Structures are given as structure tokens and as C-alpha cells.
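In what comes next, subunit A is part of two complexes: it sits with subunit B in the first one and with subunit C in the second one.
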Partner chain A sequence: MKGKIVKLLTLLMVASLFLAACGGGATEAPAPAEPAEPAAPAEPAETEASEEPAQPAMEEQTVVIGFTSSLTGSQEVSSKRQVNGFNLWMEQVNEAGGVTLSDGTVVKFEAHTYDDESNAERVQELYTRLITEDNADFLISPYSSGLTSAASIVAEQNGKVMITTGAADDDTYKTGNTSLFQLYTPASLYMSSTVDMLKELDPEAKIALVHESDKFSTSVAEGIKPYLEANNFEIVLEEGYASDTADFGPIVNKISGSGATVLLGGGHYNDGTALARAIYDRNIGLKFVYLLVAPADTKFPELGDAALGVATSSQWELAATHNEAEASNLGVEWFGPSGEEFATAYEAAYGDPPTYHVAGGYAAGLVLQKAIIDADSVDPEAVKAALNAMDIMTFYGGTKFDTSEEAHGLQIAHKMVVAQWQKNEAGEFERVIIAPADVATADPLYAPSAP
Partner chain B sequence: MQQLSLLLASLPDGILLGFVYGLAAMGLTLIWGVMNVINLSHGPIIALGMFGTFFLFIRMGINPYIGLIPVAGLGLLIGIVIYFVAVHRVINAPHLSSLLATFSVNMIIIGLGTAAFTTSPYNVDFNMGSFRLGSTTILGTRLIAALIAVLFTGGLYLFLYKTRPGRYIRAVTNNRAAAELMGVPSTRILALSFGLGTMLAAVSGALIATFFPFNILSGGSYELKSFVIGVLGGLGNPIGALLGGLILGVLEGIIPAFLETSWVPVIEFALFVVILLVRPKGLFGAK
Partner chain C sequence: MKNWRNHLGLLVPLLVVAGMVLWPVATGNLSNRENSFTILKAIALASSLNILLGYTGYVSFGHIVFYGFGGYVGLYFVNEQGWSIWAGILVGGISSGLLAFLLGKAILRLRGAYFALATIGINEAMKAFVNNFDLFGGPIGMTLNFSVYRAYGGAAEALRLSFYIMAGLTFAALILSHLVRTSKFGLGLQAIRENEDAAEVMGVVAPDAKTWAYVLSAIIPGMVGVLFFFKNGNVEPHVAFPLHASIELLVMVMLGGQGTVLGPIIGAFAYQGMRGFLVTSPIFKDIQLSVSGVVLLLIVLFIPAGAIGWLRQRIPSLRRVLA
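The block that comes next holds the complex of A and B.
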């Protein structure tokens, strides 16, 4: 009997670990590849090439865009938003008649997508399927650096152009890839605006650098350390935590014991909300809390007062959206709808204001569209060449890719802002921009009052 | 010195959390003790308890501690239903059958839960304040959760030792065939035991929801902790489960004082393997 119990427990351990690993994979087999359908129709956007067709369309060609999304698992919240943004772009461009090439071919777009369950193994399996069985012409990355890193290997092996969005890690672009093109500001530059702001606000601040131990968050933390040190900030605590951490009590006690006055860190949505709540519950007297990703979501204020004062870097904010005049001043080409047009269309389709994850998803489609227009072809090599030569501005910001062998595809033109949750006069939460100063909409809330 | 201060700050947190871990593990170990079934639907039941608190408090405005009563009632009912639907027919089959049966229930609950609630986190914005003892901050929600866990343990003890159904449960645990010969309705007692186990899981989930954000997958980590605790305290021994929970809670308080927090699960599961190898009946033995 004893032997049976030991065997049973061993079996049980394996089964449990499998259960944990599959992360609630309620869908064992991938759903059939069907065109993704946006939730609701949206206003058509202007598409340069479709405005004035040179001649009647001779042929309609459908370009298949493949990607996975995290409908379940830890990346669900941000991933769904990213996909919503992409779907909005696809709906708009198809409704506007697609992209017309100079030979009269009308290019329309169709998305093939699967649920990756926020699981890197699933991502590799599904991207292979998208390429070999669904015959995807171009790829969009999944959400998050970890999943994108997994997908990028498959894309590169098969020579498929992949526009990466929702993936800021720098390292993926430093491995000799030639088919990846990043839209996000790289992770190593994520916190630089925040540090610049801290220099003005409190040069004596003591920093706790506490982050999720995943690819993206570690990359952000490693990237900002030299900049903090160069600006004479003291890093009193540096620590990583597992992605599935629920109890942040010991970590918050460590932050408190370190004498830190500012917390820079976090990771993604689920851990970020738990960490913000733990900091609030213990009221350890931090003057400023900055977390990655989680505070950028419109759901974040569901934490109640734990959300107050929490800041984050944002790839895009409507209040600081980029515009044609800015492009003109910089001498770069403007492309696509304005930020207001994009936001209005998104709210009409999905019912809530767009976050930067939505904007990133939309921009992925927009950049691919522009590359096809510039290439005047859907040939992957021509599109790749157009992406390499691209230097444009959209409502989402600058888009230009590093074309060196050392870091091919790394984004070099996009800039971020720092946003913070504050309360307006009516006592409602609103996300305001606190840095850089030239686009700030409010003063930073520094050392918020205790709960 | 800083380590000592951190230890003093984190230890009470760990102890208080340990009581709740113990309560969750008690549900698992009770079912194993009575019918030799490892309930792999334990984690999702804990998550359902969390959602119980969320909907009762956020949607209906019911205090989470009052809400424990309906959560416990529903937990008991769900357990009885699971027993008759998935467990009863395989109760005498090899262990693998019941393992797979409860694993199927686990997948069904997670699938339905994902469809209904998605996997994005939910937060119960509920605060019972806090107070400081030196460098230690004691959160009201954790203190009350620990007290409730102790109350439930005491209640379970009284139920098992002072009531007729409780005596029946112990009789079935000791020798089901003999109990049946004595007129004990074993099927009903087994269903009741399974229900009590899931009730304890649901209540622990409801308590955890008062201090951590959660989603439908959150029960998985507490299920794993419950296995470790069950092995520490001795599978089938409810009081041992509470003590095992305390040990795990204390470990979670102590380890971060000396190592990075990411070492906590490594050490916990290393301990699991060591106990299985060295003392498979658990530190406090099985009854």
C-alpha cells in the first residue's frame, strides 16, 4: 500500500505539473483557422492606394496574415486588445476597397488566428501551422516578448516577414534575424523618460528595481540600470519574481526594508495588479510607483485606490497622439488616420477607449499596408525591402527599423510617454501624461497621501 | 540585521497565510483519507470559491465573511454532485480511474470558467485595515482569514468526533465494508465527505480572494501547495494538514529574507520530494 501511495503521488505530481503547465488549456486542439471577425463594423479609414485606382481592378488577391492571440492565460488582457486593434485596421482597409497596386491588382486581407494560451510551446506549434497549413503570407507577432521570441524562430526559419508588436525585448533582434520588424520602443529604453522625470522631481530618490523574471521585464530592468547609475541614483534593491506570483507580501516587505522611496518594476497585467494591491495594502510609504504594462490598461482602476498614483510607460496615448504637423516638422512621411479618427472608430466598434496595446495592433496592420503600397507588390522580398527603407510617422508614432546586421529590425524611431493614474475633480480615475514635459497633460503625483 | 528585520516582518504574514493554505489542504486530505481519491478538481473549486466572494461582494454587496455561508453551502453541493457524477462509479476502480475522473472535472470547470469569466484577473476591493507591530504590518483581512480557518478546523473536528455523520465518516474511513455491515449508508457518507472536502476548498478560495487578485486558473497553485501540505502533514490527516499549512506559510515567510523570492517554489517542492522519500506518511503521520 505504501509503495502504491508513493507511485500514486509521483503520478499525481506529474499530472499536476502538466496541469499547471497547460495553464488552463481548455482547448487542447487548435480551433479551425477561420478569418478573424472584428466585433463590429468600423468607419473606413483612408487608404492612399485605394483612393484613386489607376485603372479598373483586374484581379483581386487575398493576402493571408497569420498570428496567434492569447485568448486564455496570463497575457489575455493585453493580447485581446492588440488583436482588436489589428482587426479594426483589417476591417477598415477591406471596407475601403483594399490596397490597389499599379497593375490594378486589388489586395485584400484575411486573418488566420489561433489561441496560443499564453504558452510559448503552443506558439511555435501554431506559427508552424500558420505557415505550412494556412499558407500565411505575412505574420504578426503574438503579444509579449517571450511568446514573440518563440514565434520569431519559426518565422525566420521559414523566411516569413513578421511585424512584431507587443514585444519590446531587444535581444530577439540581435540574433541575426532579417525578417522581423519591431514596432514597440525597445525594452532597454522603456524607463528612460521616467528616470529623466525623477531627475527633476527627486534626484535623491532610492530605487527598488523589482520585476517579473521574464524576458521583457528583465530586459527593461537590465536596460535601465546603467542609466540610473549614470544619473547617480542609488539602486537599493534589485529582485526578480516568478510570473505566477500571487503573494507579494514578502516582496513588499523587502522593498520596505530596503529603504527605497521609488519602485520601478512590474511585468505584465496579472502580476502588476497583484503587486499594486500588495503595495497599497501595506502602505510602505513609497513616493512613486512605476509598473510595466498593467497600469496602461483601462481595467487597472478596478483595483480601486490601489491604482492611484501608479505610473507606467505607454507606447501611445490619445492625449499625446502623433500628428501630421509633427511628421512635417521632422521631415518624414505621414501615413494613415489621425489618432482621433482611430480612437473614435475603436470606441464605436469595441465600446471602450483604445489603449496602447490596441494602437500597437492597429499600427502593425498599418505598417504592413504601407510596406505593400511602397513595394507595389505582395512579394515577401519586395515588402521586406520596403520595410527596411521605411521612415514614416503614423498616429502611433515614428516607424523606422535598424538595418544593421547587429540589430536588424529593432525599432529606432518610436518614442514613449509616461502615464499615471490620477483622480479628476469628480473623483474618477483618469490616466494622464506626466512626461516628457512637452506633451504632459498633468503634473506628476509624487508621494501620494497614505490610504 | 536587515535579514532579521525582514524575517520579523514576513513571518507573521506567512503564519497567517499558512492557516488558509492549511484549510485548502484539509479539503484535499479529507477526501483522500476517506475514500483514497486524489481530487484533481481541487484547484478549480478553490477558484470557484474566489469567484463566489467576487460576485457576492462586488455584485450583491454582501460582506465577504457573511458570503462564506453561501459559498460553503454551494461548495458542499458541488462536491456532492461531482461525487455522484464522476467519482462514485470509479470509487473501487484502480486509483488511475478516479485520478482521471477528477482531472476531467478539473478541465470541465476550467473550460466553463474560462468561457464565463475569461482568464483576466478579478479583484475584490475589500480592506479590513492594518496595524503595525514593530516593523511588522498585520493586514486585517489575513488575520480574520486565519481566525476563520481555525474556526473551520475546529468545526470539522467537532463534526467528525461529536456528530453521528462524523462518526460514520470515520467508520467508513477505517473500514468501509465493516461500516456497511453495521448499517452505515456508505454511499451517502462518501458523497458527504467529498462535499465537505470541496466545501473547505471553496471556503479557502473565498478567503484568499479577500487579499489577492485571482482568475479561474488561480486555484492551480493552491492545489499544488495542498499536495505539498498533504504530504507534510500526512495524507488523510486534517489536523496534520493545518500544521503542514503553517509550515509552508512559515517557509514562504522565511525564505525571501535570505534568498530571492523565486527560490520559494524550488525549496517547497524539493521538500515535497524529500518528505516523500524519507517519510512518506508525512511528518505527523496518517490516521
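The block that comes next holds the complex of A and C.
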């Protein structure tokens, strides 16, 4: 009898937990899929075709865009921001009346998405479902190179275009694929602007390359080594650490013992913040600290003074956003809203200033929209041809893809900037651009050379 | 006729799995095929673990190490040395079996919690080793070139072939499990499970029997690893050695009923089927982890003997069928 009562109580507790979870989901779940309507929406993205003289619409066609995102798991923070950016684009373009093709067809967009849990096990299953059950016409990649590699096989198998954002590793595009189109600067080029800056600041700098032992971070570190050596920098320490490392004491000891003056490395959000804090706590006299990904997030200053001076590469920064004049100087076509319009709309919808992950998600939609306009069709082969021929600039930067068989889809026009957390006159943290010099908004915070 | 009834313990599991293989073939639906692949993979892995966990009573928290290690070795030969997928699967299975043999000699002297802890350590040690082993690509892992698929008629055909090979490996896992269970060797394992000291007194050479059980439980996971990474197009250390996947396998075996051939099938089907449903359900997809946690908690609380144990207890006439 007593046992039955215990089981009954457990059942009731579990049922209430379940209902609470359902209740929470009901209020939270729609947020990523359907962003709040912007209070002050930016000017809708320019749709060349929609600006054509009004014609009677022959029919409305809904294009389904499918993707998985990491609502849970290790890539959760960056992946959610990316989805927010994409949803903002979709909301804006649909509100602006969609894309009108020359035959009068009005194309509107709809997203279908699943949680991949940052886990490779179900990625192919989910992308197959997106294509066969949800009838996705175009695909956006998951947020990571490994997951994208798995998903790209399904895209290739079904002849679907996949715009990748958040999949920076070069190897993912060197598989002989014909369907991938990368928006990010490839991992091997992530740190090149930083090294160029160091050449000017301190050619004698001793480098510690300390990075997360995962596909992306190791690719970045491996990619920059030849460039560092070619510029006569001495690499005094090269060390990988496990992705779930929380105690960076031993790593900081090694950096300290190596005589390094500059740290280049990091990995993702969780490990990057822990490493920044450990370096600050030990105060090992580094002149410059550069970490991947984590400092690009708006939450990074929550570390307090440990965030001061930490730099990162960024795919996009509002302070160095690309503009129409730049496109005109380079002789490439400009497309879409300005960076300021995008940022205002995003902040109105989500309450945060946009990060480069948000911009990447938005740009994925924008590039697809432009390809549909150029192709004047939603036929996958025509859109693929338009993407292969694309050479444009948006607020996010240049977009042009490698069309060779060896590295199809690799991004070749997008450039990164180096951003650093500094304090403004009011003592508040702000992320400033310190390189390249032509877009820099502040001087780098770099410790003076030792006497 | 009687002879046929004596083999119901194998026929029922084979028929259940055959139904799962035929379901996507009959519907001609790619999504069903992918779903079925995930379930078949779970059945093959859970059935292999059952040889150690269910028959011998040794809890291995790091059994996924054989899937990762075999997968890495096999994919290396397929991707870097140009071997066929068949040869890759074979070498993956052999290398996992060999690793289990060497490990078994060392750690199967441990019992209970000590053995379980050692298996976790081995999985993490292997992950760290592969992370630093340049031949396997270190932390970057290996990415399969699509040209490898051309030998099988392109990506679409390669994925289709992978499904049928997966079905073959699942059948092989079930037959192996049944053969072990009904053999004299299997009886020895079950004696070890009940009381290892008493089994030794009765003439069972426990260290040898346990080692061979460990080897047999490692071969199929090694083969499945090669096939999965081949199909997935890439492998990285954290994908090859996920500790949580080992725990999921334990859950599947215990959910269905350990020590039976049918149990791991029911457990894997229920667990992966439920996850597959929840992750794609419009209602549950945003809270799918919470819901699966609650469902598992309920099952463990109310059906601790697993589905097979529960059915056998309540319906005696099913005992012959639910072996």
C-alpha cells in the first residue's frame, strides 16, 4: 500500500513536471521560429523584382527553407542567434510582399526546422525528412562543420542547394560537392587580419597557439601556422585542450612558462569565457589575447574586467559594416538593407544588438533571395547557377563562391575584421574594430613592450 | 512443427527486424529509411552490448569505444587507402575485436563498479589518443571525399547500400546473440552473471569466458561504426566516442529486458522511435529532451524488469516466444 502511494506521488510529480515543461515550451518555443514583430521594422530588404511596375500577380508560391539548429547542446548560444537572424530576414521579406518573378509569380518563404541537439546522429535523418516530408526547396546548414558535412551528403543526394553559415572548416567544401555555398570566411583565414596587425604592432611577439581540440578551432590554428612562420613569428607553445575543459589552471601555467607574449586561440563560447577568466585571474603578463568566437558574443563583458582587451575575429561588426559606397568602389553589385537598418530591426525584435552569428543567419536568407531574383526562378538548378555566378556585396560583406571542382562553394570574397573589448569614456564595455586599419574605429589595446 | 516452435526465440526477433527493414522498402520513403537506419543501428549496438550486460552481467559504461575505434580504423582504410566499404567494415570489426581481447585480459579481472568505472576511463583515454593521433586526422578527424561514393553509384546509391548493410549487420547481431544465449558457452556466461565464484567451482573458466563475451560484443559495434561514418561522410573524436551514447545503449537494453534476444530490439525501437517522434513532432520538438526524460523515468519506476520481463511475468504462455 505504502509502495503504491509512493509511486502515485512520483507519478503526480512527474506529471506536473511534464505539464510545466509543456507550458514553458508553449510560451518559449515560438520565439525562434516566429520572432516578435519588429516595433520599428527596417526598410524591407530591397527586392529588385518586387520594385518592378505593378503587375497582376498570377500566383503566389511558398518556398520552404529547411534547416536544423542546435536548440540544445554545445552550440546552443551561437546557433540560436543565427536562427534569429534568419527569421528576421524571412519576416521582413514576406512582409514586403515576397519576391516577384518576371512571370508575375510572387514567392514567399516559410521555414521548417528541427533541433539537432548539436549531435551528428540524427542530422541526415532530419535533413532527409526536411526534403521528403516537409518538401524543403532550399536548405540552410546546421551550425558546425561536422554536422554540415553529414547534411551535405543528403543535399547532394537530393540535388538541393545548401547555404552554409556557421560551417567554416575548409575541408567540408573539399569533398567534390556541388550543392554547398559558404557565407563565412573559411577557418584557415580566420586569424590572418590579426597576424597582419601584429606585424605592425610587435614583430618580435612570441606566440602561444592554445585552442580547443575540435574540428573548427584546430583548422583555424593549423591554417594560421604557415602564415605566422612566413612572417617570422616564433610559436613558443602549441597546445590543444578538450572541448569540455573548465579548469584552465594547468594551461595558463604552460602559457606562462613558455615565455609567450601573445595568445592566439580559444574555441567556442563556454571554453573561451573560462580561458579568458583564468588568464585574467593569473595575470601572466600577456600583451595581447585573441580568442575565437566567445568575445564576439554580446554576453562576453559579463566576465567583467577579464573581458578587457580580449580580441576576436568577427565575420561582421556594425561599426565596420559594409556599405554601398564600398561595393561601388570594388565594382560589385550592392544588395539588401544597410547594416544600420538591419541592426535597428534586430534590436527592436529581439532586444539585443546583433552579433555576427545573427548577421550570418540574416545573410543566408538574403543571398538565397538574391539568387532567386537572379535566376528569376525557384528551380534548384537555376538557383544553383545563379549562386555560382554570384559576385555581390551586402551589409554582411562580399559574397562570391569558389566554383572549382576541388573546393566548390568555398567563400572567396568575404573578409573578417578584428574586434576588441575596450572601455569607453563612461567606463562601459564596447567592442571596437582594431583591424584592418581602413575600417578600424579605435587603436588596439596592446601592452607596451617590455623595456 | 515442434522443431519450428523451438526456434521461436530467434524467429520472432528476426521477423520484427525484417518488418523494420521492409517498412521503408514497401513505402519507398527516404525519410522512413533514414528513421529505420537509426533504429537498426541502435538494435545492432544494443544487442551486442547485451552479450556482455545481459548474459554475463557486466555493466560497460564505455562500450561505444568499440564503435568509435573500429569506425576510425575502417574509415581510415576506406578514405585514405582506397579500400572498399566491405573490406573497411571487416577490418573495423576485427580491430574492435582485437582491442576488446587486449582490454578484456586487463580489465575483466575487475568486478562490479570497478569494471564499470574502468570502461568509462578506456573510452575517454581512446578519445584522447585519437585526438592526438595524426594518422586519423587528430581533432579535425577525417572527411570523406564524395568521389568515394562514385564507386557505389553516387551519394544516393551509397546511402541506400548503407541501409541494406546496416540491416545485414543487425541480423548478424541478433543471430550472434541467439547463438551465444543458447550455447554451452552462453550458459557459462549466465552462470557467471548469477554467481561468478560458484560458476568457477562448477568448471566455468570465468576469465576466458568473459574475455570472449567481451570480444563478441565488440565486433559488430566496430563494423557499425565504419558504416555510420561512411554514410555520415566524416568522423571526429567527439562524434566517435560519445559517452552519452554508451549510457543510451544501457537504457535501451534495460528498457527492453536484459539477457534476452528480443529485449534489446524492443528497447532500441522504443527509445529511438520515441526520440525520433519527439524531435520531429510539432508539439514536442522544442521540449523533446524533457519529455523523453520523463517517459524514461516512468518506465524505470514502473517496469524495472524491462518490457520482456514484465510480459513474461504477466503472460506465462509468452515465455517461449519472448526468449
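Note that the second predicted complex is superposed on the first by the 401 of 451 C-alpha atoms of A that agree within 3 Å, B and C clash if a C-alpha of one lies under 4 Å from a C-alpha of the other, contacts with A are read in each partner's own complex, and residues count from 1 in each chain.
Going forward, a residue touches a chain if its C-beta (ideal position, glycine included) is under 8 Å from a C-beta of that chain, and two chains touch if they have at least 3 such contacts.
As the structure is a computational prediction, the values presented were derived from the model and not from experiment.
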item: Which superposed partner A:213 touches (first subunit B, second subunit C, both, neither); value: both
item: Which superposed partner A:283 touches (first subunit B, second subunit C, both, neither); value: first
item: Touched partner set for A:249, first subunit B, second subunit C, both or neither; value: first
item: First, second, both or neither for A:133, with subunit B first and subunit C second; value: second
item: Partner chain in contact with A:122 - subunit B first, subunit C second, else both or neither; value: second
item: Partner chain in contact with A:146 - subunit B first, subunit C second, else both or neither; value: second
item: Which of subunit B and subunit C A:176 touches, first, second, both or neither; value: second
item: Which of subunit B and subunit C A:402 touches, first, second, both or neither; value: neither
item: Which superposed partner A:76 touches (first subunit B, second subunit C, both, neither); value: first
item: Touching both subunit C and subunit B, counted on subunit A across the two superposed complexes; value: 10-11, 24, 72, 213, 240, 242
item: Subunit A contact footprint on subunit C (complex, rising order); value: 29-31, 33-35, 37-38, 128, 131-132, 138-141, 143-147, 149, 154-156, 159, 231-234, 236-239, 242, 245, 275-276, 279-280, 284-291, 294, 297-298, 301-302
item: Residue ranges of subunit A touching subunit C (in the complex, touch as defined); value: 7, 10-11, 14, 17-18, 21-22, 24-25, 28-29, 71-72, 114-115, 117, 119-126, 128-129, 131-133, 146, 149-150, 152-154, 156-158, 169, 171-172, 174-177, 213-215, 217-219, 222, 240, 242-243
item: Contact set on subunit B toward subunit A in their complex; value: 2, 5-6, 9-10, 13-14, 17, 38, 40, 43, 95-96, 99, 103, 106-107, 110-111, 114-115, 118-121, 123, 125, 127, 130, 135, 137, 139, 141, 211-218, 220-221, 223-224, 227, 231, 235, 252-253, 255-257, 260-262, 264-265, 272, 276, 280-281
item: Complex interface listing, subunit A residues touching subunit B; value: 2, 4-6, 8-13, 15-16, 19-20, 23-24, 26-27, 72-74, 76-77, 213, 239-242, 244-247, 249-251, 253-254, 256-257, 269-270, 273-274, 277, 281-284, 299, 302-304, 306, 451
